[in-house]
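Next, two complexes with subunit A in common: one pairs it with subunit B, the other with subunit C.
Entry: the complex of A and B
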């Protein structure tokens, strides 16, 4: 080889492929304010919609009088349920097999429920007109406590289905009951508890929170009467699913519906489903023949679109005296609000909550879940986690700490005794999952060494003594969490959405010059897909990442996919990308063989080229092969160089991690100050370490927010008391702790590039870590479980009840 | 989050502003930085038909010393208060307070006049003004008058201002050099109003508190001047017992609402904690 030819390593580095800390290409437009969001869209003749919403948590709608609103200059129309009913659009199907009112017909079931849709030529006029719509309500008793939902004599919430004895998942037990779901071996589990040397039991509640993306939910609908085609631009995490659902309910043929998700300002699960505002905008556009924009404000977003959690988990662990877990039993009361609008794969009404055995080797377990209706906003989405996985992780990680306390064991030590061992992978969990790979002990030990865990415990002990002597008013808490995520939904054998298997897709087109356009069925909302998918292709095909454009979000051009949530993009579309690239590479190899006049088997791949084995100076680069594909293909081969792959993963992937938090609690004010947070993540193969770090930082910040302050609160008559940034805790840079990140790498054995997905791990592992730290601070005084969120007054109240205020 | 319709006016002098406010009547509101008023309008909790923007009125801006007083024009921004070196030296509590108001973006626009005239018990400056014994200079159709801060606040969003009147400046008697002062604020995050906050200004003599004044924020419908709490420390070394008495006296006059910051009981207790901490800090600063 002559010495001006760059080495393989040099050439590989230039590609900016996998493993490279490539800067996010999307940031070039975002940091210049040149992103293009739904609300940036201004179409000629566009109208604006605004929703009239219920001030009551539960009321009968007696009368709607829109005369005054319609009389306001600029108002084009006012839609109510009466207008939608003839079209059979006053209710819409939810992803969970329920229906949700688009505009309230006879009753409103939660505060800020949609009652009427005003359409005007101007956004301001629309808001003025919404105030002029007169709605007569008869207030009804509101049901806000899920524990009272199934009481005899509880208010009947869903009159529309009160006689339905069967729900989407079997018999209903009560008119406010949605579903019962169970998994695991009940008898064997009960038996383990009967035989147990030690048991613990605690009601562990995970409060109602909201994903709260900075950009609220919004859309522009434009119906072309002449072509009979509908275009909807919207904040959609799953554009193709929206298109299919829109076609099924509107009867407009699917090919005549164009769904476009432009740049999205965060989703976190909030933008998976469909909302009444979308349906109203579509109907309004069909009725008026003009484009109609609907944009939520913050209060609407927080109080009416999908919430997350609201899971009340009665948790029991059976164990031996020396701290080996022998059984887990959990009953969940799930508050789904007024309609079951959970966004789970259709067969999984409690999502993947059965990951609740966590990272531990439980021989048996049993989980039962009851979903109930209350007078609260519908939802139950996965807020930056895979379906119900943060709930599960919080549940098991809190319960393990409670068990450690009862046994007098250090919480890290209890975990080390029970973590699934490396040689047990692939591991069959008691609740039915097959964990793909892991080295849990190595991860936890690395984390403990990194923070000098023993020294921290010694410092804590000294602090407790000083506190008892009255020398300090601060307590120190150390939180440990070890989590296992389950992401990448998913295998079509057990995951579908409304019957559509949860595969995902990639289409790669290599152009004659070697430039690439690639499209996926997923949709980035900040995850950086344009950067990372290009890196996969760069490594697979030896073309520079900078020459690859990644496009998502347009159903006309992107191959069908199920969208981005549940950390599924890398496990599914990322895999599809690698597989499509490999098809291209196989064809390129045939072309190379022809050009080099050797057999394909005499070629070997070297970073960006095929070379003749034993004769490295004879090669064809991928760029050359791209040209040849359009110029001179071997006989019998089609010209062109492109491929599509629909990837149905054989299994989920199971990222994991070990987190440690150190905080100080001011017992006089209840203020908790996070001193240190160390996060070790194992997401398998690391595509872009910088993006991973960014995802971890963001996810930990959300976990911090949830654990320390986020909560959607209702008063007893169903008023949502905190739907604004004044009260809904979104930490700023000032409150946010400094994050220390670390990693181990255990590739997924079944994923083409060994990657597992990482975007949501920090939320899953972070929430219990903070909570465990706060609990840990108080446990030497006898406290066992403190409910989240750990805001100032709750923490102060704990201290007060423990008699710490003299 | 879409306000109702309003007409916009931009007078150049106080005289014109006052004339407009009187003519337009109760449907007109002065607009200063807009960082309290505009959010209220967006929530449609307030729908003034006319906004009289004070930003073009040069005479309302600026900070100057006048003998034993400091005079701050109503349209001086909170950022200007933070940046002023004379204030930092003579009235450091103003800077300390302004630094815990909202965030830098709000402070670049929000004014001290708007903050004291707003009448929201959550505003931080009013309690400091009570504590310092400040006087508000007010202009109206009938001319100028002065209202003591301690007499200004009548209820939530209710002040001693007559219709058509506006605050033009704040006059603050400068505490003696060597005084110690502190503003202690408990909040959930940057940009939050106080769960409880306390302003303390005191002087020490021979190791004992010679004078003391205490103001409380967001603990009642109006800011509170905590006279009993202050009395509890005067003449003492501000020892633990005196501080405890002062804290209890502050808690006794606090009547906060239960809100998302916590139940009333907790917020009352925080009044005491903030007073105790402000006293401790003010004492170490007194020389």
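Entry: the complex of A and C
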């Protein structure tokens, strides 16, 4: 018998547990067109809603006449603020402690703001009727420049709160001021600057962009009048939070609200918040007694349903002449649009922007942030990053390059001199974080060796000489970035959403046959949770991943969780999964001991079984123990084999990486061609290398889009001038560079399986890497900072201003 | 609005329905024929999530009226696998090479990839990239989609397939 018993390694391989490139289980349905997205849902009697939106950036609403719309055959109702007000639903609370208009009452504050909701029997009729709603506006002066928001005599935007001197985060300085937030030691930092041998200062702006998942935001609301129960299917990255918010707003008891997030066509932060369309669909279903579907179109999505960034960071570094940083001072002007609907943990109005000291050993730092209102869409979501972390990484990584330039040092060399050293971990940053683990020098050196960094610099030098001699019209740029993320929010002592602690959860049920159903409080939008969570369970419990079904997104069945964003799924629900599995394993061990008639302490775990120490022939597999749990449990033990875990992480995790980009800039066309992009990521323990690589490819492509072309633009009267795919840059397969990926592995010391999260790292590290590469190409001509996005026109203009066109 | 009868062949079977003249083909497919594989991702014919194969060419079904497809022969993602359920080489390739994440663009990418390989059975990487430039993906960065189409090309030609995705 023994010669045919598979070895431990063979049995482990069959499980498809952690570390293997398991093919995704989700793909089976997706490649056959059998995914189940919100707009695929068709319910009997379902109506369709469409929004009437403001053509103005800032205007008084004088009159709304819906008579013609209501007269159109097929129109069931038209809702306006006047209908919502008696229900106290014309405003909704935001995650940031402000309120946001659901339907505009007296004023509209941004173009395409929601004004009325038309409900009809089909989507075409609803669109027709939306055109027939006549709204009389009186245009007001629009405020689009955040730097003018707090000027004396600036237009008053929020009349509803203009006399309120206290905001959600303290005193307001001006009627267009939202909050002031600061952290760090101001006096010590100022002193570091007074004593500094060298200082640099630059206004580093990160433009307004939009996450733009391919599926827009949408929902179907169905209110059952008999049961008094509401079911909402929607594109929700955080379904449980939506349920709680829906209950608080609607006063429907939370147990009578069923929120279901089916398959989601990408999120990237866009689908964290609650939007007016959702509320309108719910009210419409209550009013009509029929299910109501609301699906926004792309223009609505880009112009009204949230945004990201719009951070204007005045950044200063103090340093010694030999390139040791001695202080960091940043002031941020944050444009939050017309309502503060920023999606951050409630106590963090600037997110985790205080990760801005980055990967460097700054002895002191100080950060101050002012948030202001403007006549732009509300939001401030974390577009493929943890809260405000990509802003911070862009800020520090540009500033380090500017410092290197001033010191005449190579940017990689400056980083090597200042990176936090391996022996300093766990590292207390000057702005209050405890970085869990890292080996930064090893990562950067590995990256530099992989691309032969010295040879690249020599090639660049030769190119610059050739350019000066007029032999080429192409410049070469080498971008280096080293980033540290902060993900996995978060310890409940720090982080909550509207008072709900930011833990996450997993429930695992082992059935009698050894098959498993597991449910988590997170929600995949393409990350492959159904595949990877099963791998964690497979490794922990020795049951094949193929026998494990992972379910998310149904609040009736999944344990309460805070959802998927900020790369938190692996650090939180991934940890909960391992911990729940360990509870099950502990019980299984008791059952095994009983069956084998030995003490628990005489057993040892071997891949998929408990065996008697020193007598490996005597064992019980987990599959056998599952059966026994329902068949014959030891005296005093409950039958069954399941566990739930709510995991409150002791700390956040700190993934990091070193990226290098090489590009060539044609100074006559402004075209930047990425020749090479090398990305080294350290996300701790790697659960599925195939999925990790896919996440990095995707995040780098989004970083490329942001750095090289994306920007949501407004003209001076508040028109959003590019809210469609005609002119909002999404790279195709032709423009997208080829990606080289690499890794080091530094497990998180506090995470049960040592994993850190990876989905957003490439965006955080990628954006500054591209930007540094473009800046690097021009810096030998005296240029210090070129703002994003580095599109052809802007790059050509830079070349022109530098006198390169004769 | 007065309705018009349309008849077409969809995934090898006859299909018919009453539509308004303005009904978009994507809505006819999704809402009347319940073929919800193809998706709507934009309003401007850029994203290609709605791509289907019509009379031997790739079309964006959000930019075509159902009445324009009267009499046409249409293949959607639901018709790619063999009748017995065996996946098409492209479907297999997308899974093997991790050519999809959220799955929203995938039906359009697959039907586009199908036509691309019909026209050019052994495309170079550049030809694949140019060939799918009408289809946007926000998740994958395209690199593994290119590999997936190369995998399918090799498989359809009976050649050995490359190693699976990293």
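In this text, the second predicted complex is superposed on the first by the 805 of 806 C-alpha atoms of A that agree within 3 Å, B and C clash if a C-alpha of one lies under 4 Å from a C-alpha of the other, contacts with A are read in each partner's own complex, and residues count from 1 in each chain.
As a working rule, contacts are C-beta pairs under 8 Å (C-beta built on N, C-alpha and C of every residue); 3 or more make two chains touch, one makes a residue touch a chain.
What you see is a predicted model; the values in this text were computed from it and never measured.
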item: Subunit B versus subunit C as contact partner of A:671, first or second or both or neither; value: first
item: Subunit B versus subunit C as contact partner of A:165, first or second or both or neither; value: neither
item: Superposition-derived comparison: subunit B or subunit C, residues of subunit A touched; value: C
item: Partner chain in contact with A:726 - subunit B first, subunit C second, else both or neither; value: both
item: Subunit B versus subunit C as contact partner of A:428, first or second or both or neither; value: neither
item: Partner chain in contact with A:702 - subunit B first, subunit C second, else both or neither; value: second
item: Partner chain in contact with A:8 - subunit B first, subunit C second, else both or neither; value: neither
item: First, second, both or neither for A:797, with subunit B first and subunit C second; value: first
item: Contacts of A:182 with subunit B and subunit C, given as first, second, both or neither; value: neither
item: Which superposed partner A:694 touches (first subunit B, second subunit C, both, neither); value: second
item: Touching both subunit C and subunit B, counted on subunit A across the two superposed complexes; value: 123-124, 297-299, 726, 730, 732, 734
item: Of all residues in subunit C, those that touch subunit A in their complex; value: 20, 22-23, 27, 30-31, 34-44, 46-47, 49, 76-78, 80-81, 87, 91, 94-96, 98, 100-107, 110, 128-130, 132-146, 164-166
item: Sites on subunit A touched by subunit B in the complex; value: 50, 123-124, 126-128, 131, 297-299, 668-671, 709, 713, 721-722, 726-727, 729-732, 734-735, 791-793, 796-797, 805
item: Sites on subunit B touched by subunit A in the complex; value: 1-5, 44, 103, 186, 188-193, 195, 259-263, 266-267, 269-270, 273
item: Touch list for subunit A against partner subunit C, complex; value: 21, 23-24, 26-35, 37, 39-40, 42, 123-124, 212-216, 263-266, 268, 297-299, 525-528, 689-691, 693-695, 697-698, 700-702, 724-726, 730, 732-734, 736, 738-739, 741
